[in-house]
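Scrolling down, you'll hit the structures one after another.
Note that chain A is present in both complexes that follow, paired respectively with chain B and with chain C.
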Partner chain A sequence: MDFYFGLAQIIGVHTLIGLSAYIVLLTGQVSLAQAGFFAVGAYAAGMLTVLAGWAILPALAASALLGAAVACAVGFPALRVKGLMLVIATLAFGEGVRLFFFNFDYQVAKGGVKLGPLGGEGFRQIRYFPENGWTTMDVMLFIWAFVVLTMALLWWFDRSRYGAVLRAVGEDELAAQSVGLNLTAVKVSAMTVGGAIAGLGGGIYAHYTTHIEHASFGILLATFAIAYPILGGLGSVFGTLLAAVFVQGFLVEGLRFLGDWRNLLFGALIVVAMNVRPRGFLDAPTLLWLKRLFARTGGGSGAA
Partner chain B sequence: MALLELKGVSRHFGGVRAVDGLDLAVEPGQVFGLIGPNGSGKSTTVNLVAGLFPLTAGAIAFEGRSLEALPTHLRLQAGIARTFQNIRLFGQLSVWQNLWVAQNSPEDRARHGFLARWLGGQSGARDEILPLLEFSGLAHKRDELASNLSFGEQRRLELARAMATRPKLLLLDEPAAGMNSEEVGQLRERILSLRGRGVTILLVEHVMELVMGVTDRIAVLNFGQKIAEGTPAEIQADPAVRKAYLGGEAA
Partner chain C sequence: MKKIALAVALAFAATGALAQEKTIKIAGFGAKSGVVRSFGINSEAAMLAAADQINRAGGIRLADGSKAKIKIDYYDDRCTAEEGISVARRMAGTDALVGVGPTCSNVAEPLFGILQKRVGNASDSGLQFPIFTDVAIKGGLAQISEWAFRNVPNEMTMYSSLFYWLKTQHPNLKTVYGGVEEDFAHSRATWYVVMKNRAEANGYTVAGESKWLLADTNFATQVREMKKANADIVAISAHPFSTCGVLKEMQRQGVKPKLLVGLTSTSSLETMQGCAKQAEGMMIPTSFAPVNKEATAAANATAKFKGSADLHSMAAWENMFILKQVMESEKLSGNPKDLQADRRKVRDGLAKLRVTKGLLGDTKRTDDREADKPYLFVQARGGNWVVLHNPL
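On to the complex of A and B.
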């Protein structure tokens, strides 16, 4: 059973980083910086619980805030460029963060043992969960509580005027400006919310793996982050969840028996999925169909 | 005092003088027509007022204040709204959402608190949006995606979206393009109804049936310069205008 709980933990954390890219993608921006915010959150939360002795919740709140602050600071200069230029700028930022942690030493002696980040060796012994007697299931439920909360928040955004404004900016910047919307403010706000979600995800990731190192926060993670919402479709937050389950649950774990052939099939299946559903799993027509199906089968109250 | 005043406004694109030393004064409450052959600088003038690109020379004032330092979104908040020659709606948003995102006027910001304005649901904006839906005849399509509307409906929605910003000055860039004569008639009624509410309108248009029927004053552009200005009757009789439109010698 622990295997499945462990898998659920991975899917949960990947859903969070996917959601952090989802809100940025709504404004039409492709950001490869999400892995960087994720790394900042991971190191910050780990250092707070291990070195400063904080409890997990305040440490996660701090990592989310830090992720938001860094994303906001990066957003102002980065969002002056568009399209491929933005991809390169955010990629450079993400690699910069990774290389920072590659060189980052901050070790403190605790009870005879030196703890804390040690450059390329990484940051070991982030043992808040085992020290406090959490089981794998406890941790899994803890992670999914945050996934549900984040999805609820983004789902609410989607139904509010803010969500409509994000999509309006993503669709036509000139028209959005011409109805009085401040493009910079809207884009930076999305980046900031995305940074908070990535920071939170990173903080959780650091604690369930107990060992983080710079190599985990590279271009591969950044690519996964934008792949989930694109594969899942930008019509709804549930698309990102579906894509994280599909990729981590089916492609990565489910095909493990194929050995080295897995990576080949992995790429091929993504290509097939995007060809069959070019606008993602949950695009606007599919959502409409689901909504009608739900209304007809008497789901009633929730279908409004 | 004129609501909108252009003094010696020029905009050059490389060697092309799209607008060249243009003077215009639009009085409050007027429907001001801007006509001229293709490429005479009408749309460029609208884009300059809306702030899409900077002036090469000259000055634009709105309510006596210079517009030069204001970026596009602040000009809109100051009371200038526009429609586009080639319709630019948010196609993947519903009709209601298209109007909703446009509520950025100071009045709207004062009416609701920050959180209610940004994170509130659709029902919070009913009082403002329902009249706009009535005005545009789209009340029965409020949940339809804008991209699924017919051409005429899209034009009406774009006009309603501009009105959702509560403009003092409305820039209409060829609103009758592609319309049949019945639709032009309905558009004419809408423009007159807006004029009745005190909205000043700068109308760029090729369809003379509309221009001559609704405008108080008309300026004629040719090669970026104003060649005539006056009432519709004066313009119709002007030999320079006839020459610009028909070519060759004036009759």
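On to the complex of A and C.
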């Protein structure tokens, strides 16, 4: 059972990084900076629990805040450009963060052993969970509590005026601006919320892998981050969750038995999925159909 | 009466058959895809070949005197930390007694981190599953967990010995220039912690270093820097894929150092297949070469399973025989209900070992669960790795 709990941990963390890109995508911006915010959160939370002896919750709160602050700072200059230029700008930021950690040494001797980030060799022994007796199920439940909270927050955003504003900017910037919306404020706020979610996800990631290094936060992770909401569809937060389950649960783990063929199928199946569902797994018509289905089921049981 | 006798005989036969059908599962894992896929493919082949040999000889003797056959399951972790952890949890969820792997140091480090740090520490909920590493070679990793063991060569000793020997053989050579695959944990650590350090300790001046990445395909700038330094010795700490790229670029730019030194993992068939001509003369310390009857037989057996023999895959071969010895001496039950107890016996048995039998001779086991393996120096000559010197 531990294996399935472990898999659920991975899916949970990938859902978080997907959700961090989801909110930015709602404003029509494609950001490859999420892996950078994720890395900032991972190193910050790891250093706080290992070197400063913090408990996990304040460390994660700090990693989310730091992720948000960095995203906000990056958002102002980066969001002045859009389209492909924004992709390049955020990619450059992500690579900059990765290279920063590639060269970042900060080790402290604890109990005769040097702990902390050691440049390209990474940061090992982030063992808060096992050292405090957390079982794999405990960690899984902990992660999913954050996933559910984040999804609930974004779902609420989606139904609030703020969500409508985000989507309005995403649909037509000119129209949104003409009705008095401050585009920079909207985009930067989405980037900041996305940064907080990515920072939180990174903080959790550092603790369930126990070892982090620059290579884990490269272009591949940034691509996965935007692939989840695009593959899942921007109609609902549940699309991102569905895509993370599809990629991590089915393509990565479910097809492991295929050996070398898995890598070939991985790309091919994503292409197939995008062709079959060009607007994502949960696009507007599907959501409408689901809503009607639930309404009918709910109405039927009420009448009975 | 005859019917009853027949039924009893059949029952005994069935019991016997069941006893014969006992299996001991050993899980292998490593990179079977990506740039370093050859490591996983070769290790799996070596494990299958060794298991085949052990099974042909009857299998593993259990506590009740019965024999169990070995079954190997091999998992691809794609050389990524996240997948390595997932594979470890999957292996621990099966009836595998022990895991042999991983191939990449960047997987070994996080993986050992999720294992229980100190055996018997009830407050540590880390995974209690023995891992016996064959390939991941970055120094000092087994100290992360008492469930982690390695049978990999000690690079510090090997390169110390190599640079010392080079100094005695070529006293006129003074400078060393490094080339390092910067983003691969093992290559990076080997250059900065081992090669550079050992070269300086033996009186060489390090004239500089060029850096590249594992997946790089263009090395023009790095080789230009190398050419400018004009060092006597070029020491390349990189895996076969990028080593070959650099060697070809060195040939293109006419860089001809007096001596070439390579990373221990490069003393493999992949280098000979990729750039035998350019690697001509390269010297590498390694813990395997088919220099005796036993080593040649192991290499031939592995070839039958479509793998090639090198220091890494032959460590996997050795691990299988060491595990057989441990399992028999620790008297495993082999029953599914005793799985965790049997895993603990395997761990404790591995921890007790002080010397193990290797293909090149006896390997000393250290207190921190590492190996001190015999080694020799090989050189690329005419498309083959030939033994240059045996320092032991």
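Note that in this section the second predicted complex is superposed on the first by the 298 of 304 C-alpha atoms of A that agree within 3 Å, B and C clash if a C-alpha of one lies under 4 Å from a C-alpha of the other, contacts with A are read in each partner's own complex, and residues count from 1 in each chain.
The working rule: a contact is a pair of C-beta atoms (placed from the backbone, for glycine too) under 8 Å apart; a residue touches a chain by one contact, two chains touch by 3 or more.
Just so it is clear, the structure is predicted and the values come from calculations on it, not from any experiment.
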Superposed partners chain B and chain C on chain A - clash or fit: fit
Chain B, chain C and vertex chain A (Cα centres) - angle in steps of 10°: 150
Which of chain B and chain C A:R124 touches, first, second, both or neither: second
Touched partner set for A:R159, first chain B, second chain C, both or neither: first
Touched partner set for A:V252, first chain B, second chain C, both or neither: second
Which superposed partner A:T223 touches (first chain B, second chain C, both, neither): neither
Residue contacts on chain A - larger count, chain B or chain C: C
First (chain B), second (chain C), both or neither touched by A:A215: second
Contacts of A:T136 with chain B and chain C, given as first, second, both or neither: second
Which superposed partner A:A284 touches (first chain B, second chain C, both, neither): first
Which of chain B and chain C A:L174 touches, first, second, both or neither: first
Smallest separation of CA atoms, chain C relative to chain B, angstrom: 37
Set of chain A residues, in rising order, touched by both chain B and chain C: none
Of all residues in chain C, those that touch chain A in their complex: 32-33, 37, 75-76, 78, 80-83, 85-87, 89-90, 92-93, 106, 109-110, 113-114, 116-117, 123-127, 138, 144, 182-183, 185, 188-189
Contact footprint of chain C on chain A as seen in their complex: 1-7, 10, 102, 120-122, 124-127, 129-136, 208-216, 252-253, 256, 259-260, 262-263
Footprint of chain B on chain A - complex, ascending: 156-157, 159-162, 164-165, 167-168, 171-172, 174-183, 284
Of chain B, residues touching chain A in the complex: 50, 52, 71-74, 76-77, 81-82, 84, 88-93, 97-98, 100-105, 117-122, 125, 145, 161-162, 164-165
